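Let me begin by handing over the structure; questions about it come next.
Per-chain numbering from 1; labels A, B and C assigned in written order.
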């Protein structure tokens, strides 16, 4: 009788890992783009494709959630996890798109520094999500969550430092408007990763 | 026995339709104001009245939700639907109020274009909400949701295009600050409409 | 039998009051700092300590929520209340930190006016939260909630007035960017206080 439900449960874990893989792909791509110091149309197209793929996975999870009676953990935790993982990809895409709209030609080294921290955090997110499948791995999941929290603090400090530099050194207000938004959005990605970590930890504690 | 609960259920649908009607009234009023190219005190007063009326309906729904044991669909979906419909009206009011505070004297044709798309989306939202009452109309509800999603993409493209023009052509940073916020808020209304569509679709799928 | 659960229930109320006390401490400290017209490192350190303390209380509540089977009121209301009270402290800290990053040297009298209204609202929030413990005090809780709603409207009017002055009188766009953000964040604190009041009222109505 129970075996009817179990395949679906496994399915949720597959879908979460697919979503986390999209986030990793987006963040790797972002890091690479930023380090190349220029945005070309091909790279933007690639990020758009990742964003569409991630949207589809999120849609599949919501659909399955609405149809499934027994879920591997609380419905609202599944909903939050899916939403937050989708937001990671959306926010990375948003930054790139904004750089295109604002015709940013020279990417500064601060954003390169930010993209490396974001990439570390998203990889830790993928590790934490993967660990949900097997409750024997809780120790490594908690370690990944601690790392995500640490990187969020690093991001806060970076945003403050970069904004401080921007307001200190730049005289062109239009330039300030553009980069203020980009730095704040970059830090928001680390906030969203921390939200994922909170959901993951809450799932683990309830199962304990 | 069951008839005790049924009138209350019907009542929820009446209240949702009242809320959607407020959103339509606000968006029609916004479209008309913007096309007239000037904000007078009478129009602002009218929008304020609509916003108060919408607040009262939302308040009634929350109150009834807290008192009702059996609800026509998930409590949290009722809560989200009410919250998002209220946010549509709030955001339209926010934009108008901001234009007053910023003493915007000339409304540009871009905002006229935006207000038309917003109005189309809000009308589709009202159609989707109306369709919840009768589960035989799911086809037209899904079509309205698809249309709302399409208009959200149109809004993204418009915001990007208008921001691009703003940063390309305008040299006055104060002007850029004001209109950047107005365009981004206008696009946010279409995001909120899309959130309504998501809640509506989730309600339909669960009932199927 | 029931006595096993009761101590835990009492515990939740203790923790909520601790959290509200942190919010009061933060808002008193903010009001005092702002009226002194200068940010020194010692004051910033003090606010950072309050913020850490508040984080720890929120963490304790979430942990206890995950482990407790019977809660004094709806789990999701406990979650929202904790989240919103934490956001009050975070937002006060955010404003101070931003003033440090932006090297604001002269604090204008508008922010002094704002900080007084924020402090009134946070004190009303603490009163409302305290009243949850004893359902005989609902009248004073509702009065506190009405006061919080009133102060949110006062805050809206203040933000609009101060932004109007800023755009009217200030010619330096960098100055406008900084203070626009500070005024809007100050108003956001009053919005969050109103969200606390909504959760508190919803808890009371369900218990009635």
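FYI, a contact is a pair of C-beta atoms (placed from the backbone, for glycine too) under 8 Å apart; a residue touches a chain by one contact, two chains touch by 3 or more.
On a predicted model such as this, the values are computed, not experimentally measured, just so you know.
Visitor: Would you kindly give the rotation angle relating subunit A to subunit C, two copies of one sequence, based on a CA superposition and rounded to a multiple of 5 degrees?
Guide: Between subunit A and subunit C, the superposition angle is 120 degrees.
Visitor: Give a one-word verdict, same or different, on whether subunit A and subunit B use largely identical residue numbers at their interface, taking over half shared as same.
Guide: Different-residue interface.
Visitor: For subunit A and subunit B, let me know how many angstrom lie between their CA-based centres, rounded off.
Guide: Centre separation, subunit A to subunit B: 28 Å.
Visitor: Where in subunit B do residues touch two or more of the other chains?
Guide: Expected reply: 76, 173, 177.
Visitor: Give every residue of subunit B touching subunit A within the complex, in rising order.
Guide: Interface residues on subunit B, with respect to subunit A: 76, 160, 163-164, 167-168, 173, 176-177, 180, 202, 205-206.
Visitor: Give the list of subunit C residues in touch with subunit A in this complex.
Guide: 62-63, 66-67, 76, 97, 101-103, 173-174, 177-178
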